[in-house]
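Inspection log for the structure reproduced underneath, given as structure tokens.
In order of appearance the chains are A, B, C and D, and numbering begins at 1 in each one.
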């Protein structure tokens, strides 16, 4: 439906705070952009767990009564994006199960590339599955009778899975955070009032005025208990680092830090680099709000072309909007954005956006800018053209739907009916981040997948529904 | 809270009807009295399952949209009573899982007496549990890799469980009905428009104008597919029949047939027998509506004392009633019943009810009859005093709370402040049903449990929450 | 839709009780059968009013929070039946307005026969109307500047209206109850903990263990204030008493007293008289539950034919039931009633019901009794054939739809395909009540309307929608 | 609660379009910022009106079913802000009434200064009031029997009221738009597919791709019917123009035109003027999103100090957010905004906002900027200090709560603990708009009220609750 790429999930955890459920609620609220379809919290008082999950935004799922009933000083929470529609409560996380060592709950961000193989193996040995989540696979692996204790179970389970995961687990004794050896997705450690916190992005800590401690390292498993934080390592033989750079380009909140640096500042540098690679003689730099704002600022600074707010975003956009019974053209763009004629009329515009997926929205946007009187429209995109699907937790359309697989840049320009199109190069993009370029995953642009994968059709279909 | 015993569940199944989901909805609606806390339907179109479950009455859980989305010509449904409160959606049934042979869904009525032992064993081998239902245990047993196919899996699983079950299972190919070898709970086969039906009580078939075929036999597993109905047997070595006679006394609907005969007519005979065992010189027979109505009619006929409607039931009673902030005495009885002074004043009354559990409600009722001017109040109960909890699927208070374990009959009379109390004898009760008396379970009165049981505290606590 | 006649409203009032809102809630709950479509409560603390109204049953409209916000020691409440559908919240009562003497709220049961004339007059003088209720007219009349005070305003307003009303009014100083000079609809005075109560039926007082004082007399206006109860009279020149006898036959709850006597006992006498007028040689008397229960008991006693429960009512019937997408025949009867084959098979039945309106439901019921094996079906109706619409507050179908206007008794018998039909005669019915027969309104059977009426089409259409 | 000034209402109207209800829905959606508490639509098919109103945002109030039932080719709609809480549905608009000339509906934006006097007069003549809105007063005046027709009624009514109004009225024949002679609030005429439109702001027309025709002139009444648009004039003797300049500063959407010019461009000029009046040596210009965005851009351009996004707004802010049970400091600011440490640390900041009311939010914001490491914080406000309440339709706190009435600028600086504070001067502000300065209302800053007013306490309290 929407022409935006979506991250699959956000996670949060806390150990040792009397307001554990409420702070988890706040944390999930800050991470809402990582998953708008379901939200859940599991708490423990050291003896027994309590859980509540529901479809919708964090604010809609929880009310005060539920938070009150989620007693205990330790908790994990999860927000999830799912393409399968509103009724699929069964896949809402955290999942909570009983096994031989008691209760365990898990929330997971990422995508395992060997999920289907593991699942088939487990089923062959008699396992049953009530969800289609990777989380349930991890728990089945943890529950193997050969594991001597919870820690060993977690490390053993994570040693068998491949792909991207930033996971939080809760038992009645432990809060556990784990990140895959490639470090695809972010996961941070914080502290508030003496209690340890875990979160996908640092904005969750800012929300509750907590201190930022450090990132969970790639391949690290942190076991938090009344005895403090203990660090274990998952075997990472033969792996390389592979941070998802698209988290910087689009997913993460600009006020977060991920992979060691400020998202807003990376985006601003992307805009500056874009101005260097694709300069143009124009009157105004127009950001596509809000995803293109930081890059547009960078473009404006580098080029000296003044920034202007010619596209205004409607802040009331929600998911319940009623579609017109009879076609109102370009409806979705119209609901979300308005165009300021007095600003745009007769001007030569550089329009800065973060990325283009199918291209449908961009096409309409150019048309409406023309209707508002723009003299020239130059599209500038702060990452390279997307050509390959993500195997590590981002929801993509099929390869055929990606506009960059249908057209070359000049054809895209014609299709959009704009005056020029400029994508930031892969090289240029990698200049804007701090780690060496081989530390990042660029698969969705380059097709070079850092972890090999193979899917059985059966579950792939299920997941992609 | 309530002073009534509650059955745990009702089940329904259908195979080969284009309106499978809607007829399941109707069937559950007819079985609503067997479980008011959650309702669920799973359908299959032969390839893929669809499910919807929710907390509350059937009418509140489902709306037209959901029924439309439950496509397919085969379905099972379940209503459930649970003491654990409204938030416990995770135990709502039918449960639906993936295992090595594909999808399977199950709805279950009854209680396994070796559930905890089986569960501990399964966990020791690495199984994980997402609910506390017996249904999940049955599915784990079915999924054992040594079973060659679905039928063998079901029969093997049921051979390992002990206790009471009337279960319906659905795979994409089969509708399966199964009843324990003792025949504790009812389960019937019906037919409508050529499609096979399964239901806990015959009133579900009346609802949709279906034909009644026969009962699923104790120990029988019926496998319904496009090839028709196939009957298998679970090993029943060393077992005896044990129909729950309290289904006749109280649980089942008076317009149903169970264990081969009309519930209303059995109840009427119980009233007649009660009049023979406990005659009294009185002016009027007053039924406690609606559970005492049939027995009161029998008592009136046998005794020649005229029936009168001195207690009127409020038909709008629902579960959302707001409690008074400041004590209004006898509130719950008051909301549910009113007393017709003009009928009761100065009269000697025989008040006929089906059973007494804790006795709190009966005590208030006698008091209010006195306030309405009754000259004498003689309580007559159409079954013996309840002294033992049920192990086979009925929710009981603790043994200590049962009034018959605290007082003898004369003490109960004093406690109720009535003029006499008469319980029907065990012998008398067994005279009113058609099968030989050793075919019935009378454990809740006699303490003679037809299937031995042992519980691990861990899960018992969970179930009895 | 439904084939039952419906009363328009029930009212309740209280003055001087710290739990005024909660007791009003209880009272409305007891009066729920008088209006299932909307419910409302207005309270006053002597200075300021608070109100809450909503569509639906009392239990669904109010929750604990709302009752808490309805502060004050005086209140009125209203339940309303309306044929106009769920969205018509604007006509929900009580209505609350500001006028020159401050705030006033009103709830009304009945129907004014000169409403349209008064409304046209008022509009001609510049009045505006926000509802189509008679209550709003009464308030406009009260607000006339020539009235010196509230009491005079009420008496003056009521002197100008004609027809049926039992109304409760609340100002910040007074609780007022008023009943038309004919006494069409019931209205009672009660007392609880020293506080005065008003209610349409006495069952509302039983609900809260209140004392019954007396009926508000026809033509009386009772003004209740901190100074106690004051009684005024509306001019009743040229009027006669005209109690609605159909309240006894069908509307009122059997546990209520109205017009001086027990509803249940009147109904029982109607059944006895029916047995005298229309005896038949049969095996069983079968009540149509619950409206025919009391009369069936009378018929059985008088005739000596044993009562039996052959028709069982489903207690879960609610308004949200999903209709079948493809026709299931006789659906509405099927959802509401089941038929006990074992009781009915091969028997000659006397089926006792309170009244027949269109006849559609009765026809289906006879058919289903036949399907259940009944040998003979003799319908007995505890009132005469309905031939005329009510002008005084009962919702009727058009004259043409009344079956007794289409067929004579023999034709009705043929239409129903039953063995005999017997209606109680007008004379017989009037024998069963205590006042002289000229004190009752029998217009819906006899066509003799005690108060002349004339309607302007404009508003009649609105009201009857 | 909130520290923002709020406009009372937004209005929309349409005549002669087959999708009238849907376009009104779209229009209200675009005007949502003018009233978030209730929304309503009334339609007419030329014979009969249909209405739906509810509490909450436009998207939450309406669903597809309701829009479908709102049939007809003419409609008016209204969004309303109210401080009285969610239950006050009775004041939701449009109001719809019956009077001698048929049905009329009205939606109103503004505030009448003689409302209480008119209301008292009307009550003295016997009028009753069901709401506390000014709209109901206008309709009472229209309904006076001396008016010969609808047009005369409207003009007569508007000639008697004083103060601010931009109103839309609907009868079954006419759509009427009216604006007070001072022109306090905006009201525009548009056209789509041949149908006339009315709307508070032009962004409503952009939403549906409609053409902008012109503003309704101050003192003009436009009567739109099947015969086209007719223009009448309300007497405006002794009045002057008084456009609310605060609509430009804060209320209106930046993508709207009001009072003849672009809101965004006016705001940008305000920022430029602010830079001239209050220059400062600093590193970055930081907008308070989103209300300070346009002015910050102007400040940055004029001063040459680079713009930066150091404050990030959370887009998921809704009204259902659960408050912390135990104090989390500065909670409300924290939920809404986050601060980008990497941008702010060690920098000298110019923070640009549109206005300061109580100052509580600004104080917290400065504190959090300091915590994020800001070296200097210079507040710049794009209008003068607010010292006087609005009498013409904007919701203000009491005079005592306005920070500019408690402190002078230096004291404000100290209270905020910032390095400098600069308010734009009245002169400077008036330079940024196009009409002569005497055409604007500046009462909230200058205390010079263009229309005299007097309030009776009784209704003032009600309205200001």
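Some observations on this one:
Keep this in mind: a residue touches a chain if its C-beta (ideal position, glycine included) is under 8 Å from a C-beta of that chain, and two chains touch if they have at least 3 such contacts.
These numbers were taken from a predicted model, which means no experiment stands behind them.
Following the contact convention of this document, no chain is adjacent to both chain A and chain B. Of all residue numbers that take part in the contact between chain A and chain D, over half occur on both sides, making this a same-residue interface.
Chain B and chain D have centres, each the mean of its CA atoms, that are 60 Å apart. Between chain A and chain D the centroid-to-centroid distance comes to 37 Å (mean Cα coordinates, whole Å).
Centres computed as Cα averages put chain C at a distance of 48 Å from chain D. Residues of chain D in contact with at least two other chains: none. Applying the touch definition to all chain combinations yields A-B, A-D, B-C, C-D.
Across the interface of their complex, chain A is touched by residues 19, 22, 25-26, 29-30, 32-33, 57-60, 62-64, 67-68, 203, 206-209, 253-255, 257, 261-262, 264-265, 290, 293-294, 297, 301, 306-309, 312, 314-316, 318, 320-322, 324-326, 328-329, 334-335, 338-343 of chain D.
Residue ranges of chain C in contact with chain D, taken from their complex: 51-52, 66, 69, 87, 89-90, 95-100, 123-130, 132, 139-140, 143-145.
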